[in-house]
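Both complexes shown next keep chain A, but they swap its partner, so chain B is in the first and chain C is in the second.
This part shows the complex of A and B:
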């Protein structure tokens, strides 16, 4: 059960929205961790922005063996929402959310350079890695150094 | 009509750190901005995967020389949440005292830089002299003025004796008088109004659109402060106010930092009072087991929300350490607010968002010449 009497109605509504897209969730203090399919991700985040005016914090990418795990961290009325999704490593493509949250532009570029994840609907200019590196160099992606 | 390209940086006396701004200027007004970053990169996120969780505290402390405590605090907080470690109340108050002293010295440094870049040199001198109150406090409490070495996983590394704490409170009283007089000056004197009012305006809607944080967001009327919003350490039990302003210009961003210093002094007073009356001497809960888990830390650093994500496996070397620094969130707004402003005010506007390039460039990797040669020889 996510909601307690803490901000009651808001939590109940958010919980309903979460249950529509994800069965896997965990609540710790003021944090919610959920796992979501990558195809549902964009609509879910758009809903959070429109309905609750969610504040975008960042995206954490991790190379977890055969897959790349992306965690979208958002602040919804003081509650930290961590939305996890996994994408295949060989064809690492996911929808860009920079049209919903403009502040996601830089972090998406950084993940592209570090992990070779492509964000659909986005053009890249080399910004974070030095020009001295070769084109196929992605420092935080395992097995390709 | 003359159109010229003005390049500021990467090495420029009025910029504290290396970043390059390419400004297109027409009749002394800026019409286009783009900036280049990455002159200061060290590969911290990669380095963190080669050290154990305790060694990483030293690494995180060295990401930034101004908010070094905020980085270690946020990193320790992420691990404490991942491993369910309870921090003793005394340690929480010690962390709060150092956090607020850090906010005072960071705010005064950037206020000095703003005054310097807008040619108010005597006020710059006064601010930097009074900043010594905070620097001396660090020296007394930690034996060091920059890297304090206070935080460890589960608590803090040292206790503060009574004598220096009392001396710091006396010094802060003097600082409070100076800050109040300076606020009065900046609010009412004509020369400040000319260079700061309606300059570099970030409207509330622009601030929301770009998700700006910290004093920059609060100066545009968004009351977003992690200390109240998502309380950590002992901030829940301490009384203070979130200062907001609605104007969103350089003057609002300057005044908000002066007023936040007064709030920080108020917080330190309460935390010191707690320490002087606290009998329990436990500083750190050391017994914990490392298990596969993940956690996040959120701290209101002087420039805004600092965010850490740490993923652990069953060993002591982390799987991933990710950090989002406040400057990373705040700096894109510059490309919007510099347009239309006079070139002479550009440095004041840039400094008013308090950019920290050491924090911004933390995650990038330098390939050493030796490695490069080895690769090309293969």
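This part shows the complex of A and C:
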């Protein structure tokens, strides 16, 4: 159980860390939504893990027209932190975070197959989609742009 | 191809008649030996030209020519995917046949044929500008003027939209002769003002510094000033309204192209041998018209200074070796990439502001912009095409531009000069030893009218680049778009993206360049 004082300090510190990388900050009760540049993502997540022992939950991906939006969901001391980032659709490449959070490996592979997003620094050992889906077909991707 | 054939034939006669005083024999041999005749020795200039002409119809010669122009990795890819064209004449003949009734109903095969033709176009365009460089001189940065203000009230105004090679030199020479100067003065004019128009106008601008008064589609605006005495047309992008313009303003229109057949446009036959006589008669006809002008008209004063003229040769001749500087800057990520923009049509006010904002964003983020084609006439007043424009550029780009003495938005020339941009990319890829498709370079085709410009976008994709085709026009059925965007890319290693929403195009293009640059610098 986290006491009130500690929680207040933690929030203040986390907010300071977030403000360094993100201009968007939304807090609803025990949920925080932020948006950051994809280049700052990995360092930010590494910092969360080292400093607050953040736990990785999953990544949600959505094709939002010209870009692919990725939301990294993390548990930071019982707080749900949602880190939103967008990547260009044509090359669709972003740093893998599976070296920080082992549990990200599975979902990164799934996103790779469903959206054609390449996670830098990651090797894909097996394919999840069945043979009915041809190579190069990414079911959740909408058009070129 | 047709442009090239015409040029090469004229060139041959001119060489035989010794009519090109500018021609540097050493460079000529160097060029042709580099192009197609490595294995042959001791041939005359005329024989070399014959070999070049032969390559338009002979498969073996054309392949030899392509080998000298295109990186081997790309050629291998084309060969492997069955994209290697036979010879220009044959490919164009096949295209006409396949598009005929009852022959080919397979859209994929027809598009494949179009890709082969675009490769033919690419090869021809590259030789075309190399030969033009040889004849007119290599473009180097110079200041020039663009706008209606380049016309002059008190001068005999001759608009050149296209002229055979020898005739240009002869015309410039003849107009300075005392008897012509005397004739002009006797008719009350101060002098003769030669102004370019359209794509050819840009060619004249980058090579001779001759001012240009507008794009091909500006011809109505230009003639309706009432002070144009003669317009010489080529066989590219002529408006058919020219016939009624000629009637209304009494301006004389003429063309030397056997292909042009527009009402009220006189046709003249040209051979390099009769160029002197022709130049005289052109000047006389323009002076006659000046004499018939009823009153002095008030001309718009818009005339903008631009820095134009850029070539790989220019970079190579810089004391600091400009090509190495540029290649290194791209390899190190100092310059994030290059965007080559080509187009025809004037932009709508709405699109204009979007494009300007986008170009400014590119240079701010250290991305060099190369422009070619008539679309720039409509935007030249707001793009930083002069050296002072570097103030809007990112610090790294600013530094490189200063070293190379170029503005951050470079005016390459006409759409037919796009091969020059491709040559620059090939040289950078050679210098950095990376495949063309890995270079942070994209082609943007904007507001096209002439299919030549569209073809250049496809040529870019056939080399391995990503070509964005954007503008108000749609390209065709969903199936055609699917093949173009998905299947052609798989074959060529490049990509074609067709998108009518400019904002979407710009956003994706920007992301792509930045991502590619990062991949290159991080060496992944």
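We take it that the second predicted complex is superposed on the first by the 136 of 145 C-alpha atoms of A that agree within 3 Å, B and C clash if a C-alpha of one lies under 4 Å from a C-alpha of the other, contacts with A are read in each partner's own complex, and residues count from 1 in each chain.
Rule of thumb we're sticking to: a contact is a pair of C-beta atoms (placed from the backbone, for glycine too) under 8 Å apart; a residue touches a chain by one contact, two chains touch by 3 or more.
Small disclaimer: the values here were computed from a predicted structure and weren't measured.
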**Request:** Determine, for the superposed arrangement built on chain A, whether chain B and chain C clash or fit.
**Result:** fit
**Message:** Applying the document's definition of touch, where does A:93 land relative to chain B and chain C: first, second, both, or neither?
**Reply:** second
**Prompt:** So, does A:110 touch the first partner chain B, the second partner chain C, both, or neither?
**Reply:** first
**Message:** Per the contact definition in the header, classify A:27: touching chain B only (first), chain C only (second), both, or neither.
**Reply:** neither
**Asked** Looking at chain A, does chain C or chain B touch more of its residues?
**Response** B
**Asked** If you stack the two complexes on chain A, which partner ends up touching A:80: first (chain B), second (chain C), both, or neither?
**Response** first
**Message:** Just checking: does A:141 make contact with chain B only, chain C only, both, or neither of them? Give me first, second, both or neither.
**Reply:** neither
**Request:** Could you say whether A:122 touches chain B, chain C, both of them, or neither, answering first, second, both or neither?
**Result:** neither
**Message:** After superposing on chain A, what angle in degrees do the C-alpha centres of chain B and chain C form at the C-alpha centre of chain A, to the nearest 10?
**Reply:** 140
**Asked** Rounded to a whole Å, what is the shortest Cα gap between chain B and chain C in the overlaid structures?
**Response** 10
**Message:** Shared contact residues on chain A, chain B side and chain C side combined as an intersection?
**Reply:** none
**Request:** Provide the residue numbers of chain A that touch chain B in the complex, in ascending order.
**Result:** 28-31, 53, 55-58, 60-62, 71, 73, 75, 78, 80, 82, 101-103, 105-107, 110, 114, 127-130, 132-133, 139-140
**Message:** Give the list of chain C residues in touch with chain A in this complex.
**Reply:** 466, 485, 490, 495, 497, 499, 501, 504-505, 507-508, 510-512, 514-516, 519, 524
**chain A to chain C touching residues, read off their complex** = 65-67, 87-91, 93, 120, 136, 144-145
**Asked** Can you list the chain B residues touching chain A in their complex?
**Response** 37-38, 41, 43, 45-46, 81, 208-211, 224, 229-230, 296, 298, 305, 307, 309, 311, 319-320, 322, 324, 328-329, 332, 363-367, 372
